[in-house]
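In the two complexes that follow, chain A is the common piece, with chain B as its partner first and chain C second.
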Partner chain A sequence: MEQSTSGTVATPASRPDYDMDIVKKFFTATVVWGIVGMLVGVVIALQLAWRPANLGLPWTTFGRLRPLHTNAVVFAFGGNVVFTGIYHSMQRLLKTRMWNDTLSRIHFWGWQLIIVAAAVTLPLGLTQSKEYAELIWPIDVAITLVWVVFAVNFFATVAIRKVEHMYVAIWFYMSFVITIAVLHIVNSLVIPATLFRSYPIYAGLTDALVQWWYGHNAVGFFLTTPFLGLMYYYLPRAADRPVYSYRLSIIHFWALVFLYIWAGPHHLLYSALPDWAQTLGMVFSIMLIAPSWGGMLNGLLTLKGAWDRVRTDPILKFMVVAVSFYGMSTFEGPMMSIRAVNGLAHYTNWVIGHVHSGALGWVGMISFGMLYWMVQNIWNRPLAYPSWASHHFWLATIGIVIYTVAMWAAGLMEGLQWRALDDAGRLANPIFLDITHRLNPFLWLRVVGGSMYLVGAVMMGINFWKTIRGPSAPAGARVEGV
Partner chain B sequence: MSKETNRVLGHADESDGIEEYDNPLPDWWLGLFWFTIIWAFGYGIHYHFIANRSQESELAAEMAAADARWPTQAEAMAAALSEFAVTAEAVTAGEAIFTQYCVACHSADLSGGIGPSFLDEEWVHGGQAADILRTITEGVPDKGMVPWGGILSPEQINQVGAYVMSKHSEATGRSIEDIVAAGAPSA
Partner chain C sequence: MNPLLREAAASVQFGWLMGVMTLVFIACFLAWVWYAYTPKHRQMMEEAARLPFMDGGEN
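Presenting the complex of A and B:
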């Protein structure tokens, strides 16, 4: 029984040939790690605004908790969201159960163990000191093995598919599986010295370039392409509308994956990197605007004709805001790649604002939309507290706005004050610390916005808990949209 | 977007019920894409081959503009040095500056900490007024002494220098005249 007429009809549970158990596992892990990662985000936001929150213990200082936050939200929350969506949608899109259930489970438990290992080692100060690749070499090896298990299972499932034409979401997932493997392995190549310590095989400038080729494409292929894949499946399903343009989806996919790979040097503008490489990073970033907006357009235009529902259905609201923030941050990013603009923005809180408009706005909101849609469909139950989904939406949206506006203001202020000169050509704000103190009101605003976002996520968690433990809908009945 | 057909492709059977329209690429989107591609080539060629720019040349241009606009530090220092005098007003003003900027490293009673004491006979970088003022202006970045020339005005440097010298004189008994005495700096 296909559900092409209504996006919220519950059927997957009645399709025994699909492995829904693995989807539920990843779903649960997503919600748990999401809340943990955002909680740590609020904690480090508080630490920057109010020093005593560092507690004076080495394990709880900002420097150690910051990588815990980034790893938890990107790889634990983001990773599990993507795996949840992939295991759910790819089985249905390819009309086949996953190739091997054991591999699926090795993937699941392996990934969770890696997260736990990260949560232990980072506060202990065991790190490789490369941003988003902090984990020490034994964990890196584990990531590689688990990824290979996932990739084998993924491509074997693609190989045994029962459809000929592969839907665009699958293309986005493929780019994720392949590229992340390459990025992770190349950037993590080290020579181990002890169990906890190693030396990178790259030195100096090469090391920096490899690191930001990795770092930028972690954004591109971990926080962007798989999430676009999720958008291409869950947005039309939830809206029950045809995708606006097949051609646009293909063109923007190939343009995006081709252009992204070259843009890494925009993280190293005005550095020892040769000028030509900096130019390359900058112009490829500018060329990324249209391919990125292709995804936004296809999302928004797919909702054309469903705008009446967008006003009332929190799931669609989450998705519209997500896609809009995606469009916004993929315009802001290219602007920040322009040499002169980067000279102002680099090292300031503006970058943090950009990061979180993408992370909270795009990654977070599309995930919430997907999870609310999914919980009702895979557990075959209506939401326990439908109105909470709306409250969550508003808390999150207002929270993001407060967070990002505060960071833009803080970033512009510090960037301008650092460079300001007085009439005699001396620094107008010679004491760096003075500027840092002036940031404090903005840092407190971020604590407020981030807390709102976190509270929304916790409400979602409680809502899901109650929903899953609540009574299921009568067989064949339509689960009401929230 | 006027060319929208909104005709479904009929793939739904192969994509879990999701239909796709065969709408063309929006014109403005395609225009934007071409514009950024052409701009990218234009910018790269202009930057590297026509304007022959580089970050070194950007820096040099900025420094030249600054030099033209503001007298160089050496000139400003020489000008300030000729006006230097240890007066009561200068010492009072200097104390305030010292309290704000210097105590963290030289301590409130000038007995030293991260930086050396000013209450003994020893001067690492010379003990004549010209030496002391130069050390304050240019700093010793390698050792952690800040080059204050970019932060304090020449007048303020004179003032804080006067304060340091008067305290040094009080503690060691060396006369102000001897410190300020003209002639070659001692180091």
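Presenting the complex of A and C:
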């Protein structure tokens, strides 16, 4: 219960009038774009296993749909889910309504418009051909404007807060808002030639370094820090116990943001990048294990004493698996940053396995946990089909395992066969295509695992639809298990 | 690049640069460990950990 510190008026009615409408908007967008992005993922997975799925049309080929997938899952699903959580939790943590409702709405509609623009331009083949920054310059300008609107609203809300101390989740969100702005602007600097074409201001190696400084920190500050912020708010809420060590959260926050920024060169090992810069990236990547595992341990230990509930509560199950995959992918990443290991992994499906153990395991599962918790809370009603949440959990978990194990196996096989020599020192597999053909069973397994993950997400969507349209809990009643 | 800048960059000794950076980072690290663990902040940390629960109900 809220407590009055001043001793004067603090009636329940004085609770701030939070803007819940904006949370519901982002919530809905998250579920819709999530399903779309994962569907495109399954389609491109199928295309790699079975060529006719490219349909022979330029707009539907793998090359054009792949960036559609990455943009949809990272910026549409990932972006919207983070905004949902930020608008919901920051108003509560700071005990104030968002500073300006109009800015919130410009942010919402602007972001959705950008996503639609991406969904139109990418299949048309309009691209800047920089990974995770494919969108053409007019859309880049729009992203910058919408981001500034969001940032102004965000920091103004921080400024008018009614709580002195900013909870650690807010710090994680801040790192996201600031860093993404800087990354996006620096990496997108181009000289426009026409409405659809432009030339980057960087060339050669500088271009590559800027690109992977951006690319890696997109992972760090789009797919990691804001999601850790969500973990620090929603895991304690769902488990009904405060975070295991608040001190650890502060230390690992600062260590994480300090180290992440330098790790980008691990994407450019064995390239023309000077050796010292490669080594720098490698060393910082290995050091990243420490703060990453600090976060993982803090998440897992928060559940100490609540393990009986983990067995029965699907929300906690999603969160435990998410945090475990976070730990796994942040162990795997530093290992892959070691030059010798990277020599084996680079260009192979191992990287794709790593990506999706982070993306499906960490980003996806923590999001699902949060969404299931939130739908019952903000609409104040129990899930329409509680058992479906459990089915979703198992479909997703088994789907991830099938997906990632298939990719690890495929990646190791590729890496080893590419470099294998025969007794005379010649390539043992001189025909590259032979090795590519051998990947096929694994690619089919990925279609299976990915489809399971998608079916789970669709079940979640139907469940939410039914829940939101169903009867609400009686006034004053708390939804069970929440 | 401006030739003067190029010359300056070439003469920077990376060993020095990295050494200084390492020291700066260690100092920062010690500072925030101190901030988190100093007994003076104990109560503040405990209160902060409870912030997600100071909400007084949902919706």
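To be clear about the criterion, the second predicted complex is superposed on the first by the 465 of 482 C-alpha atoms of A that agree within 3 Å, B and C clash if a C-alpha of one lies under 4 Å from a C-alpha of the other, contacts with A are read in each partner's own complex, and residues count from 1 in each chain.
Rule of thumb we're sticking to: contacts are C-beta pairs under 8 Å (C-beta built on N, C-alpha and C of every residue); 3 or more make two chains touch, one makes a residue touch a chain.
Bear in mind that the values here come from a model prediction, so they are computed numbers and not experimental data.
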| item | value |
| --- | --- |
| Fit-or-clash call for chain B and chain C when the two complexes are aligned on chain A | clash |
| First (chain B), second (chain C), both or neither touched by A:Trp254 | second |
| Touched partner set for A:Asp308, first chain B, second chain C, both or neither | neither |
| First (chain B), second (chain C), both or neither touched by A:Asn380 | second |
| Partner chain(s) touched by A:Asp17 [first = chain B, second = chain C, both, neither] | neither |
| Which superposed partner A:Arg426 touches (first chain B, second chain C, both, neither) | first |
| Partner chain(s) touched by A:Tyr167 [first = chain B, second = chain C, both, neither] | both |
| Most chain A residues touched (candidates chain B, chain C) | B |
| Partner chain in contact with A:Val243 - chain B first, chain C second, else both or neither | both |
| Partner chain(s) touched by A:Trp276 [first = chain B, second = chain C, both, neither] | both |
| Partner chain(s) touched by A:Arg92 [first = chain B, second = chain C, both, neither] | both |
| Chain B/chain C common contact set on chain A | 2-3, 89, 92-93, 163, 165, 167, 233, 236-237, 242-243, 246-248, 251, 255, 276, 280 |
| Touch list for chain C against partner chain A, complex | 14, 18, 25, 28-29, 32-33, 35-37, 44-59 |
| Footprint of chain A on chain B - complex, ascending | 6, 8-9, 11-26, 29-30, 32-33, 36-37, 39-41, 43-44, 47-48, 53-55, 66, 69-70, 101, 150-153 |
| Contact footprint of chain C on chain A as seen in their complex | 1-3, 12, 15, 20, 89, 92-93, 95, 163, 165, 167-169, 233, 236-237, 242-243, 246-248, 250-251, 254-255, 258, 276, 280, 377-378, 380, 478 |
| Chain A - residues contacting chain B, complex | 2-4, 89, 92-93, 163-165, 167, 233, 236-237, 242-249, 251, 255, 270, 275-276, 278-280, 282-284, 286-287, 289-291, 293-294, 297, 424-427, 430-431 |
